[in-house]
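A single structure is presented below for examination.
Labels for the chains are A, B, C and D, by order of writing; each one numbers its residues from 1.
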Amino acid sequence: MTDFRVVGERLRNWGRWGDDDERGTVNLITPERLAAAGRLIHKGRIFDLGIDLDGTGPQNGRFRINPVHLMSETGAEQVFPGGFRYADGYLFMPIQASSQWDALAHVFYDGLLYNGHPADELTVKGAARCGIDKQGKGIAGRGVLLDIPAVRGVPWLEAGEVITPDDLDAAIAAQGGVSVGAGDILLVRTGWRRKFLEQGQEAGFMAGEPGLGLASCQWLRDRDVAAVCADNWAVEALPGEDPGAFLAVHMVLIRDMGMTLGEILDFEELTEDCRADGRWEFFFAAPPLKITRAAGSPINPLAIK
Amino acid sequence: MTDFRVVGERLRNWGRWGDDDERGTVNLITPERLAAAGRLIHKGRIFDLGIDLDGTGPQNGRFRINPVHLMSETGAEQVFPGGFRYADGYLFMPIQASSQWDALAHVFYDGLLYNGHPADELTVKGAARCGIDKQGKGIAGRGVLLDIPAVRGVPWLEAGEVITPDDLDAAIAAQGGVSVGAGDILLVRTGWRRKFLEQGQEAGFMAGEPGLGLASCQWLRDRDVAAVCADNWAVEALPGEDPGAFLAVHMVLIRDMGMTLGEILDFEELTEDCRADGRWEFFFAAPPLKITRAAGSPINPLAIK
Amino acid sequence: MTDFRVVGERLRNWGRWGDDDERGTVNLITPERLAAAGRLIHKGRIFDLGIDLDGTGPQNGRFRINPVHLMSETGAEQVFPGGFRYADGYLFMPIQASSQWDALAHVFYDGLLYNGHPADELTVKGAARCGIDKQGKGIAGRGVLLDIPAVRGVPWLEAGEVITPDDLDAAIAAQGGVSVGAGDILLVRTGWRRKFLEQGQEAGFMAGEPGLGLASCQWLRDRDVAAVCADNWAVEALPGEDPGAFLAVHMVLIRDMGMTLGEILDFEELTEDCRADGRWEFFFAAPPLKITRAAGSPINPLAIK
Amino acid sequence: MTDFRVVGERLRNWGRWGDDDERGTVNLITPERLAAAGRLIHKGRIFDLGIDLDGTGPQNGRFRINPVHLMSETGAEQVFPGGFRYADGYLFMPIQASSQWDALAHVFYDGLLYNGHPADELTVKGAARCGIDKQGKGIAGRGVLLDIPAVRGVPWLEAGEVITPDDLDAAIAAQGGVSVGAGDILLVRTGWRRKFLEQGQEAGFMAGEPGLGLASCQWLRDRDVAAVCADNWAVEALPGEDPGAFLAVHMVLIRDMGMTLGEILDFEELTEDCRADGRWEFFFAAPPLKITRAAGSPINPLAIK
């Protein structure tokens, strides 16, 4: 079993965008690449990849809870000049309970965050460095979807199944050779969302998941991918390849490579459209809420073709 | 004083996109217009128009409170195999306390929401019709910024100052004749955010504001604008033109025209850039969180030039 | 199967304490009875009947969530003159997720609350009538514990097992003939908390429960009991006796009789002590938080012997 | 100006109830004293000293916010067998925003909590030592009210006015020589709540307050008082006597003496009654919610005469 620390050291991007950098691989989305991404909008169709924020979400209440939305006003009891009435409400949620970006401050090991920022800057007041607010001017660019279950001929991968570089290459080949390159936002479909939609909470969405393995980190680094999103809740396979290293892919991608992860997304409608028109690339925009010093943010990413 | 009900009836879009429609003027962003908007990205620069979600926000705690973000994990006390550690947190906020979209269910009068949906469908369980979740596949398209204080030669307009169609036309002229047309998202800069940034909470951000007057509703309808955003908290002037009709512009725009409003945005950096390069149009993407049945959603809109 | 409406009509206390009354059977705790209860404190030992408010609670996240407590300050990053440092935090919880009083506004049927107050006074703004704030001056008096599993010779009753008047009488007999009379707060031990403590969440605390049956309502009314508390989450048996009437005991006790219920309490330590000293009566004090217009309140009742 | 550290060292109760103690002066409420307190209930009248938990509270939203109570169910949209309907809601609040107990973990200096417990045990997960959950079996006993404004012949003391041992002695004398002794819970009325009730939020409830001075700490220690409650928000005078030591009384009482403080209480109705019947002592019961590891808890204390 490869030691994730060895992989992490080899793939590390620390200092690549300056010693003070807090944005990591999102820096790879250069102005030129962003402008080119805008030209991918052809048919003017939007796919919303965020799931509903309500009690139907995948959280089981043990680790995290689903978002709680409560009304504070319905208008029924109001009296304003002219007859104006309004509805209002509150939202309470774990920032990572639903569709979300991980901030680079979300994960660390050996006392250091991405770019060598000391982990003791993570306090009850939040992340002084690498919080999600540092990604406010993003994350938008060229998105590419790879449909792994299609390659394997299954409706979804099962918990613990590892997606390898060969799987990624096979998906590219099966999808007409769509390129995955520098500054791209890669969307990896594992089918885990599909399983949840078909079988519900009882199927154990949060109990494990299929996802990337450690070898795929090298693949992502070789292509200088800017961000990875998935339809599971942690991008990587769980249980992982090495029982001795919990969430090893998180540690390498986020802490060593400085790569932001998008999780609990829904690619179902987008996948159907890509299969239909054969185009697996699109403009992608997923601005995080600028929650100061937060370890992540709920999002509703848009894929626009 | 024109009766807002007369204006509302004249400008009403009910039935225009079908009797079941819950999206209103966002329907004006056709696929063609969206695709054209993508081609407005030239220099690949992103402007994030959302303000920080934290205690520095403009809410004074009487009407609404600022967002509360609390950490639940800093990693310090965790023990996982391999040394993995993670940070996590919770968000609690009024959905309309910060940068946000109003849902079409946010405002009504005379017992009816936009498109004639009955207001009694607004209950403690939220908005069965016209909730912000119905705008999940949006809101993206061509954005245009109009800088009203620049036209008037002031740093910002004062509370209660009304922006008229003449102001809007003057801004267009001053900005090189930038067009405002069908399916556009109009950003109206009043300077109210600038005043807050310079003078702080004590200056009374929530106590009133400059903004659109009733006559501008006709102007927006004539051009078939898809959505209006502003750097104040209610788009319209407060106190309003007619003491007998509280938030009359809200009532006409949201309830009669079916127009979604974006509020408490920050146009400062974007304005500076537009002044510098003379281009006041851009690609705009502001996906709402899909909070089921909610009257609005926090957002971080991106303007991309 | 007896129709709960027939029972409710027979036991109804509407008008008994005035047409405007919002406190119900708590009115039975007269000044004299309260003063007498104070004299029950002999050995000066306090038993706290509230459970811990944290993630170990019995909620499974589907219906309600457990309380969420988050720290906002630990003192580590503070600088005050003299060296002062402080810790602080926030609480977010469903008001009925943990040890709690039901307000009389908690339950109704046929459009009427206790005392005939119209149910449409229950709105998004809370309960205009019969909210828990109306019980602020309480609830304290003489408490009596009845240990039902002991009578049956089991560690706990199982879900759906109905506690009958015979059970209550048998417990009284087994406990030396302790009286249950006017103005008393009756604590009914079903053992359901014991089962949870021994078997954990997986045992299905919220999936059903043993508890009072409809016939016991008459028993409580005959004795003019002021309030009933239990170590389960709804006082009554679930599934109930009549599949055609969900929570029938709630409807009769709360809505017809005006009796406040205390739920999710822990009687284990108190029971042990009562078995040891043979005294099953005590002073009882369980002040609700005065949450304006709320349907209930978290509590930590004290039994003082 | 006396150095609070000198006072603190002199009055320190560390080790007095064992090196592991986390309850402090509440230990002074012995079983005998508690039993005697029960016999103070004569006329059977309850005074609820907690304020309403709602938006009318004293918080101004800058430092803390007032409690937020939101309904989740009103019953209107429910369908259950038999016609059962229920109301429910959520509470979100800073634990110290309203009537509350400070936990002994609430305040520290020089790296140590009460009894020498290390302050680094205060983390994002809460207070491992001295949390409010450690006071679950309390706080009840003999209460005594001292009405300071009455002694001074004013409706209320003003912000910064210091209550001295002479004031406390004068109040005792004026109140017929009521005793204040070992294990008592002392209620100090400053009139600050009265001012808030008469003048509202604009009067600056949270901007300062009258209260105890450092010399009163000795007075409390001499009498072995178990706890102190006040109708202001920090018990002590603010601004304090020594500009160089913020909240010095907090530091001495909580951290050195191990004394729990009750704050933001309402003594108005109780005071009126004590003036009328000449009895300033009563049974007092204020159980905290057992919020695990919390720095405090909202309460609704009952004074029972």
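Rule of thumb we're sticking to: a contact is a pair of C-beta atoms (placed from the backbone, for glycine too) under 8 Å apart; a residue touches a chain by one contact, two chains touch by 3 or more.
These numbers come from a predicted model, not from an experiment.
Visitor: Hey, what chains does subunit A share as contacts with subunit D?
Guide: B, C
Visitor: For subunit B superposed on subunit C via Cα atoms, how large is the rotation, as a multiple of 5°?
Guide: Rounded to the nearest 5 degrees, it is 180.
Visitor: Give a one-word verdict, same or different, on whether subunit C and subunit D use largely identical residue numbers at their interface, taking over half shared as same.
Guide: same
Visitor: Quick one: subunit B and subunit C, Cα centre-to-centre, how many Å?
Guide: Going by mean C-alpha positions, subunit B sits 47 Å from subunit C.
Visitor: In whole angstrom, what separates the CA-based centres of subunit A and subunit B?
Guide: Comparing mean C-alpha positions, subunit B is 26 Å from subunit A.
Visitor: Please report how many Å separate the Cα centroid of subunit A from that of subunit C, as a whole number.
Guide: So the centre of subunit A lies 45 Å away from the centre of subunit C.
Visitor: Send over the residues of subunit B in touch with two or more other chains.
Guide: 68, 71-74, 76, 90, 92, 123-125
Visitor: For the complex, give me every residue of subunit A touching subunit D.
Guide: 68, 70-72, 90, 92, 123-124
Visitor: In the complex, go through subunit B and note every residue touching subunit D.
Guide: Contacts found on subunit B: 55, 59-62, 65-66, 68, 71-74, 76-77, 92, 123-125.
Visitor: Write out the stretch or stretches of subunit B touching subunit A in their complex.
Guide: 4, 30-35, 37-48, 50-54, 56, 67, 69, 71-76, 80-96, 103, 105-110, 119-120, 122-127, 133, 136-138, 140, 242-248, 250-251, 283, 285-296, 298-302, 304
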